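Here the chain labels run A, B, C and D in written order, and each chain numbers its own residues starting at 1.
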Amino acid sequence: MMTELHQNGQEEVRIGYFVCHCGTNIAAMIDVAAVAEYVSTLPNVVVSKDYRYMCSEAGQDLIVQDIKEHRLNRIVVAACSPLLHERTFRTATQRGGINPFFCHMVNIREHGSWVHEDRAEATEKAKALARGAIGRVKYHKALEKRREPVTPAALVVGGGIAGIQAALTLANTGKKVYLVERDPTIGGHMAKFDKTFPTLDCAACILTPKMSEVYAHPNIVLWTYSEVEGIEGYVGNYQVRVRRKARYIDEELCVGCLDCVDECVFKVGNVDDEFNVGLSKRKPVYMPFPQAVPKLVVIDPVACTHLNGGNCQKSCVDACERAAINFDQTDTIEEIKVGAVIVATGFKTFDPKRKPLYGYGKYPNVYTALEVERLVTSCGPTEGEVVCRDGRTPKKIGIVHCVGSRDHQTNRWCSRVCCMYSMKLAHLLHEHTGAEIYNFYIDIRAPGKGYEEFYERLQEEGNHFIRGRVAEITDIPKVAEEEGMLTIRVEDSLAGFVRRIPVDMVVLSTGLEPHADSQDVRRMFNISCSREGFFLERHPKLAPVSTTTDGVYLAGCCQGPKDIPDTVAQAGAAAAEALTLLDTGYVEMEPSVSVVDPIFCSGCKTCLNLCPYHAITRDDAKGVAVINPVLCKGCGVCVAACPSGAITQNLFEDREIFEEIEEVLAYA
Amino acid sequence: MRYAYFPGCSLKSSGRAYEESFLAVCRALEIGMDELDDWNCCGATAYMSVDEANSHVLATRNLALAERVGLDVVVPCAGCYGVLAKSKEYFEKYSSVRNAVTTGLAAGGFAYEGRAQVRHPLDILSNDLPPRALRSKVKKPLKGLKVACYYGCRLIRPVSPFDDMHDPQTMDGLLKSVGARMVEYGLKGKCCGGSLTGTVPEAGLPMCYDLLKEAHRLEADVIATACPLCQFNLECYQDDIAKKHPDLKPMPVVYFTQLIGVAMGLDPKDLGLHRQIVPIEPLLREKGILGGEDAKPKAKEPAAAGGRS
Amino acid sequence: MDPIEREIRYESDRDPTFADEIRAMPGCELMDRCIQCATCSGICPMSDAMELTPRRIIELTRNGFKNDVLRANTIWLCTSCYQCQVECPKKIGITDIMYALKSKAIESGAYGKKFTIPILAREFYAMVKANGRVSESRLVQRLFMKTQPTRFLGMGRLGMKLMKTGRFSNKVERMRNPEGLRRALEALPTDGRKRS
Amino acid sequence: MPEDTQPRILAFFCNWCTYTAADLAGVSRMKYAATSRVVRVMCSGRIDPQFVLSAFAKGADGVLIGGCHPGDCHYISGNTKCLRRHRLLKRMLADMGIEPERLRLEWISASEGDRVKTVINEMTADLKRLGPLKLPERCVAWDVEAIDEEPDHAEAVAKEAVHA
């Protein structure tokens, strides 16, 4: 085959092979010197070297120098995953003066040294993979990345603190931002909190100014009560469809005076109030909470008598001086164009009914932490008075940590915030009631600025910390002191014996988990999930806010549990990544698109229906298929289906892959 | 409906009333029960403590017998049920167990392939019987009888293929369908003390006491069980427990099959009601469920018979 | 005054193979992921009578403190109710581990003599081996005679009641043909009788 | 196959799910048999049935295809195309006298590193049991090279025609 190339008058192939030690990460399990020596015997290989860290400046320089010195025109680097460093080595190749796509990577770390235990076998595998790469790289062609302009606007999905922070950061740089929130108001979970740990500053005091800023910002288009329905396009050029659900209120006219709420035919609330997590009732027409942004009411179509088809005197309509109520409103669809997307869809809290041992839903005085947040806050349903569902003021309170977390039966992960918020609630509950507080924990995790100090403060305030996971909560008394109480049975594992502790009130520190519809969101934005269902970042360390889809970034708890400071920091990082893209003004497209050779195309149209992006059309005049390189995303489905082999995918050409297969297997 | 039937050792002696009432109910419901030919002890928890590998051989031999006749095996004793189900599970899950069982059984001329399923009467009566089949046979609904359904451990743990592990309901459902009233027995899945009532009574008996006390607190008339050991512990040690807790009043403890049989109007003798140490018949008569006199032990009680087939 | 005992363990106190032996038993393989959360001890109905709670048994076992583990009354107080196992957040087969430890204790004879459970287990084992079935009343009689003769006498009234209701008899339960079973049980090299 | 000879598995992994999962297995330091050789493609829909046949012809004992779970394809539906081709291939292999279980298709998402480990280990054990692939005689002559040469000639002819 090679000689043919020569005869065809093409350049002589001169390959440089570089195998990385990665410190001991590779070298400990693979005899890199032996691999380099073997490769040096393969045809066309001019240089074959091993080096301690190929990705280092010196390692890259080695490639640059050798290209120049030995007139190399193909580079193979055997190191870590190409998903990590392909770009690095292509850039080095380019610096050496040849087209970057003459470089190919072999993964001998993630797929080699890290997963094997037999040094000889791992070395053999590395040699086989090297031979495959040497085989394929000779067919590599010079390719150019195409540049596409970027729409200088961003979509932020989710209006919790993560989305708010990301939107404000982007908007402040002058970029247009669409902030889409599913609920009638922005604010998310943080708006429901009373105080924040460890500083105990009031959540509302630090959040509501930001919410107002979002509303007033000239660069932010805020759509609440809205959901993203679909997204098409590619990095820099996304077309997004947003459904704006009917509020039955004209947003332009409503001033949030609440006259309609007062005059609603329901004199008292009849629906569980979402904002107070069911601890109070609201009416069918309502504003989620007084500081809601936007300050607009909304009519719940499920609860409203009129919208349910019932006969209602519609006193709300009469009450509104500005005639803002419009029962004829329907959902509308907005189509927008953005260059980048920040997904900040947040989390939900674990449903403690999944752990029947804790008696949530069975015993009225068992609460979730979020319920207690509403109970201790002065703007909550009890105006800050802590009264149990059975009317008693608790004198003894048990706080159960890790509910649903660190548990193979429910959520395996640590939810990261529960230790700290449990301690915060312990402090607040004690402050409000003077009750004796028992914290039941497995491990106290307080690794943040001022967090350990907060733990110490709680200890000094007289809180009990009992190291043991609560095994049982029961109302069946065993001794007199347990009559009429909820008794917690637990091993005090530091003392080494079992205790029964009667309390008036139990607080379940429920963990954080992905939204029930996170899979749908993930599919829509074409991003991946980790096993537990949190959205997956491109790299856990080096690309923590990027995703595998270019132009889509992550912020907040949709990526994994985190506290407010971390969320805000991550939102800033996501905004910065998005800004980098928007500010550059163009994107470089990977050249791995497919191309039709009109000579061989029979015009059979097999490929047309296969293409998921409708990138292939048929030129009826010439009777051949044509691929639009702007629409092609380079999956290669058409290549595999073309009966006459007329379609080629750059970097994944048939001959490249056939050669890789043959050469990999040729190594015994 | 036809099943293989594994009685286990207890149902041939201290738990005879369970076998009698279960088989009587099955007959009345036209459910075929073929006692496994020459079955052996399941091994219980004791055998497992001495010889783990052979405990599975012991248990699976019975499953091999069921497979021979091509039937699933019904195991009323909760202890035996748990042991056989565990061996079946481990046979599937662990190749070491599979190899041991295959080798052992082959030496004895048996083979088990994992086909025969292990079922419990609560399971088949709740799930295999057509809906209303039981209800339609009720002649004397258990009106006014307040029952605490007690499931114990092995029916619902470590796995619970036919019920809710944390709040089992099958027994409640069956007894409700024959007219009884259930109390919210919060201890329905707690342990009765197992064999500790005999071996370490100071540790075992308090567990029975807690169960009995709670049933009294809820004003239950009777505790229904599905396990001969649970039934024995709760019923037979009441005198022992009362020595330490004189306030403890007698509480009848029966098998759920006995109550179903009563509701179906079966002869109390066939249901083994006369084998109660804490009698239940006066209570049933008081509620107007039973008429006539107490069933008297037969003039000549046959010795607790084993090997009957 | 009791003599003062020093509580310290040296590396030489650890049995190097003990943890691996337990880990190798079916159901016991996940012991190492225990986070000592103590759910097992909290839920165990017997934990208030145990010298070492189940949680501590796991910790000592995986660290090879064989003597401490086998000497404690814990394993003999386990009723196999499986509450610990089903509630364990790490899905560790705690009850299976207890079985494994019981068999180790019986095998090495390292159990407190005041405990009758190992004796029950052995009597039970022997009876099943001989007859293929258990004669409950005989088992109970043998056990009580061997271990708690006074209690046995105190139980006379219950015994009478049981006899009268036909729930207790001195008949020996046995299989019709125990030969096949015997051959099956003798086929394995791990037979407890040969092992101990 | 003698105990000490390892089977050879040629694996085609899609870039977004299974290749990433294999990376995750590495990052998590999971250990599995060194029997697989991964060829990365962007999508399992790119896998030409000829790749698979070629792999068997060139000496693979087994071929593993890894793609995203149904509904999760980075390119919307490439994996379903792969699934259809896989079914066809299975039948073809059987016709050619190659045990169909030598070809395996697995959906492995980016988070399922342990699945990569399990599948490769399982497949290694299965292939050891099957023994090395003894390509039926009629298949030995069948070779990709033959296919390769034809287009070269045709290409020249076609190009001439275009120039003319």
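Rule of thumb we're sticking to: a residue touches a chain if its C-beta (ideal position, glycine included) is under 8 Å from a C-beta of that chain, and two chains touch if they have at least 3 such contacts.
Since we're looking at a predicted model, the values are computed, not measured.
> Keeping to the contact definition above, tell me which chains border both subunit C and subunit D.
The shared contacts of subunit C and subunit D, listed by label, come to A.
> Going by the contact definition above, tell me which chain pair has the most C-beta pairs touching.
If you count contacting C-beta pairs, the leading pair is B-C.
> How many angstrom between the C-alpha centroids of subunit D and subunit B?
The computed centroid separation for subunit B versus subunit D comes out at 55 Å.
> Taking each chain's centre as its mean C-alpha position, how far apart are subunit B and subunit C in Å?
23
> Calculate how many whole Å lie between the centre of subunit A and the centre of subunit B, each centre taken as the average of the chain's C-alpha atoms.
Averaging C-alpha atoms per chain gives centres 51 Å apart.
> Using mean CA coordinates as chain centres, what's the gap between subunit A and subunit C in Å?
The computed centroid separation for subunit A versus subunit C comes out at 49 Å.
> Quick check on subunit B: which residues sit in contact with 2+ other chains?
Nothing qualifies.
> Could you pull out the residues of subunit C that touch at least 2 other chains?
In subunit C, nothing touches at least two other chains.
> Where in subunit D do residues touch at least two different other chains?
Subunit D, residues with two or more chain partners: not present.
> Which pairs of chains touch each other?
Touching chain pairs, listed by label, come out as A-B, A-C, A-D, B-C.
> Applying the document's contact rule, which stretches of subunit B touch subunit C when the two form their complex?
9-10, 12-17, 38-41, 43-54, 57-58, 61, 90, 93-94, 96-97, 100, 103-110, 153-154, 157-158, 165, 190-191, 193-196, 198-201, 203-204, 207, 236-237, 239-240, 274-277, 297, 301-307
> Would you mind writing out the residues of subunit C in touch with subunit B in their complex?
Interface residues on the subunit C side: 25-27, 45-46, 49, 76-77, 79-83, 85-86, 95, 99-100, 102-103, 106, 115-118, 120-122, 124-125, 128, 132-137, 140, 143-144, 147, 151, 157-158, 161-162, 164-169, 171, 173-178, 180-188, 190-193, 195.
> Mind listing the subunit D positions that touch subunit A in their complex?
Within the complex, subunit D touches subunit A at residues 6, 8, 10, 15-17, 19-20, 22-23, 25-27, 29-34, 36-43, 45-51, 54-55, 58-60, 71-72, 74-78, 81, 85, 109-112, 117, 144, 148, 151, 155, 158-159, 162.
> Taking the complex as given, what residues does subunit A use to touch subunit B?
Those residues of subunit A that touch subunit B are 356-357, 474-476, 478.
> Across the complex, what residues on subunit C touch subunit A?
On the subunit C side, the touching residues are 35-44, 47-48, 53, 55-56, 87, 89-91.
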